[in-house]
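What follows is a set of structures for review.
One chain, subunit A, links the two complexes that follow: it is found with subunit B in the first and with subunit C in the second.
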Partner chain A sequence: MAEPIKVGAAGDIEDEEALIVPADTAGWDDDIAVFFSDGKYYALNDTCSHEDASLGDGWIEGDEVECPIHSAKFSLCTGAALCLPASHPVRTHKVEIRNDEIWLYVGVPADGQEG
Partner chain B sequence: MSIPENLVIVGGGLAGFSMAQELRKRGFGGAITIVDPEGLPYDRPPLSKEYLDGRQPADKLPFSDESWFTENNVTLVTDTVTAIDPDTLEVSLASGTTLPADEVVLATGGHARSLPIPGGDLPGLRYLRTKADADALREVLVPGKHLAIIGAGLIGAEVASTAVHAGAEVTLIDPVPIPGVAGMGETIALHLHKLHEAHGVHTLVAQTTAFAERDGKFVVEVDGGPDEGGTEVVADAVLVAIGIIPDIHLARDMGLDMDRGVLVDESQRTSHPKVYAIGDIARLRHADGTLGVRHEHWESATHSGQTAAAALLGQDLPVHPAPWMWTDRYGLHVEAVGTMREEGELVVRYRDGVPAIAVMLAGDGHVLGAAAIDGGNAIRAIRRMIDRGIIPDREKLADPTVDLKKLAR
Partner chain C sequence: MHAQPHDKGVSVTDINDLVDLDKGSLKGHMFTDEDIYQQELDKVWRRAWCFLAHDSMIPKKGDFLQNFIGEDPVLIVRQKDGSVKAFLNQCRHRGMRICRVDQGAAKAFTCSFHGWSYGLDGSLIQVPREGDAYPDDFDKANYPARPIPRLTNYKGFWFGTWDEEAPEFEEYLGSAKYYLDGYIDRWDGGMEPIAFHKWTLPNNWKFMAEQPTSDMQHSEITHVSAGQVLNKGSDAADRTLRGDNPTGRQFFSDYGHGGAWYGEKGSEVPNTGQAMQKWEAQPEIAEQIAKRLGDNREIRGHLNIWPTFMVLGNYTIRVTHPRGPGHQEIWAWTFVPKDADDATKDSIRRDVMRTFTPGGMFEGDDALNWEEMQEVLHGRIARDSGFTYQMTGAPIQWDEGPYPGGSTKHVFSDNAAINMYSNYVDMMNAENWDELKQLREKHRMGKSN
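Up next is the complex of A and B:
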């Protein structure tokens, strides 16, 4: 999974918004949400670890995303569940900006993460 | 103040579990014991929805599995607390053993309210508060069975949706023509209530006046029954869903200050300096002596546990956002934030001719509250407006093409 895939151009994702990379495109067992917030890019497995909901559709603020259904919060940096009702983290993926393009390293944990 | 070494939390619902979790997060090193007759703490909202209809398996109900308790050194005692000595704080259990404590947290929640009418104490009447209640109720949610639900509030409405989807016949009885106005405002509440009939649930605006058993069925008499100009509903099962009664007997026996709930200050501390009350049983007494409302919603329970954890450690109390709740029915996800009770101007956004978001504005333009159908981010935007005192542009607020998140910046 080391080969990154291009998922868009810088500017495609508005501030505090996300782009969903479908599981088929990513070659992954879940859709992947690529977030842009406060000038930084992040990527997480899109499905909330509590129930079936899209984190990419959630409320993005700073380095956190809040599930749109039951308000479980996750760290965009680490994927950690920050409050109930979620108890389990969601997986991070590494994102890189190269030549104004957004490249997603599917299955590669974000820097500093063990995945 | 000194930080306790031995903390006993009475009740392992959301509030009690949240407090234990928050204490460990904040570095509390003392012993934590949670006592609950139901054992492993679990989440209750699915009991009327995805757990009741079988979509969510039982092993997904607990907040954490047993390994969390081991890893976090939290002792779980499956037992019932029968008394707490107000002087020594020794906690007595139904099994006959006692637990030492130097601070105690009451997180006992409540039990379903019964109706004080003839037949209101029939043993076959059903209530929905525990996993066992949900398991028993699920057995009658099948084609060919008729379920009468007394009370069209959140639980009653959710079970009606779940039951009719499972193929049961459902009659939903409530004396209030449009339930939920206080929580969601009239426009959204009316739209949601109409969905019951649209999905095949019979709704009856009537006062339930008696229950009886006849020929293996339950008879629900409403408005006095047929002899007094009312009518009767014959059903295979009856669910009484008219709210809860807080379990406050331990607090009463300890002599704590009470008023339809256990009175607490802003740090969740009761009138006993070493006893906290959190979750459904707690009622805020402001510094000036006036009383707040007793919150029974999910998020307020977790917030109260977090506040008590900070207070117990002598740390700054967390600032919580405006109160928030959700309900699910007929495939729709409904959320509300703030308050819709106060008099104000209701600004409604429509989606395909159907009310989607209703926002209550105070006279000076401040946002008081909002309710939305399938509009989680709209509610989060409104929540930010309430918390930050942002006054939205009235015309843009009503314009469905304007992203509320942008208005909240």
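Up next is the complex of A and C:
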């Protein structure tokens, strides 16, 4: 299991906003968006599975994010595509809050998700 | 100067054949002619500074408003860094409206036809199938939404022009700056709109533009019944205080702006609603106004910044959009001082609602005149006969007392209308802003240069 990386402090991300961890920093093949919504943290591959768009720039509400470009929705918990025009899921990553710090487990699926 | 034919064999209506300002005569054709109208879209609307939005309409990043410059739909968008950008609301792909709603908040604007997507700044950020169905040399950077190249924020009000050569907005305002400030720059807390109405009227846009520019005199006839009723109302200005032979003044500015108000310095009469008068009479507010505007602060009545940004003393603030030679669309906001108490704001709202909204009494009075005028112009004889602008008895004064620029020591005068049409004709004749500036200097009224 990969070592987690610290991406910020609790409070750095406002409610219904996201922080983008660049691919280089994450050591991953895509930017990773870390979302904060309704008191919970989530992380997904930032790029929409439909076309080239940043989900971190999207509309975040509850446990869903809507792509800002063509309005495909994804589950923040599972990465599942919830409506067209997307039909493929996006990858989740595990996020943990330790000592008021946000730690991202790059490549580790969110709890309960298959890799 | 005569306009050139569009195409071989097709003659073009020449505005100079329709206007004789020395005789104070305008021919009806200029309010009905399709060819004149098309020239206006090109020579007036793409050249003038036009009202786009107020800061309070788009407070947060991503907030946007759709408006028009002439017939061209534009989007005005608050950027992530707090600045504002504006661009033509037309997709560069197949010309669909990029954004189909009037107002809202966006992260991006995606055309609902094929999905070309534009950032808040109008840059093309996403083209569906770019990777697999477009050639490698297709470059999104070549297809941004067409930006409005010149934007300015004047005391919270955003104006824009398509013309890169237009003078700075304050130069365009000229002497009108002083008078406009008398309405919009009075209070430390600024202004906000609290009501908004849109409607269309079956008349040429210039009929309405002329009125807040120059025509106070119609009100004592057209609006006499409504005025009688409203004088008993708790919200309205008491119009009986103006007397049978009212004092007042009218101003006009080089680029067609104008306005007028009742009363004069030292013997002011109320031009605003009663709640506004009461609120402004509070010592701390009065002090704010005096500090911001000096001792001459009651110059409110009606005003138009050419072409169609209109402000009235009871705080209907509006812009109108031409819709062909025979129709116009009115977008009218009710503005209030942001710091005013709720009861004052609501009183201003009620007063405007009763007077200058689609169901307002003054608005209905005016609409009847303009609709009838347009109807009559269906007649061929009627179109050939002239309208008369001869109410020029009171002399024009320049930089008189506290009043900058040209003004007339009478609240009733055609001078500002003649000036407005003089600017209009110069815009229609001039090929560019440099020429226009020269023409305006040459045609400055009542002043020997």
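Operating definition for what follows: the second predicted complex is superposed on the first by the 113 of 115 C-alpha atoms of A that agree within 3 Å, B and C clash if a C-alpha of one lies under 4 Å from a C-alpha of the other, contacts with A are read in each partner's own complex, and residues count from 1 in each chain.
The criterion applied here is as follows: contacts are C-beta pairs under 8 Å (C-beta built on N, C-alpha and C of every residue); 3 or more make two chains touch, one makes a residue touch a chain.
None of these values were measured; they are calculated from a predicted model.
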First, second, both or neither for A:His70, with subunit B first and subunit C second: both
Which partner reaches more residues of subunit A (counting touched residues only), subunit B or subunit C: B
Contacts of A:Pro89 with subunit B and subunit C, given as first, second, both or neither: neither
First, second, both or neither for A:Gly56, with subunit B first and subunit C second: neither
Which of subunit B and subunit C A:Glu16 touches, first, second, both or neither: first
Contact residues common to both interfaces of subunit A (with subunit B and with subunit C): 51, 57-59, 68-71
Touch list for subunit C against partner subunit A, complex: 107-108, 110, 115, 117, 125-126, 128, 130-131
Subunit A residues within the subunit B interface of the complex: 16, 51, 57-59, 66, 68-71, 83-85, 87
Sites on subunit A touched by subunit C in the complex: 51-53, 57-59, 68-71
Residues of subunit B that touch subunit A when the two form their complex: 14, 17-18, 21, 43, 45, 50, 56, 63-64, 68, 299, 302, 324, 326, 333, 376-377, 380-381, 405
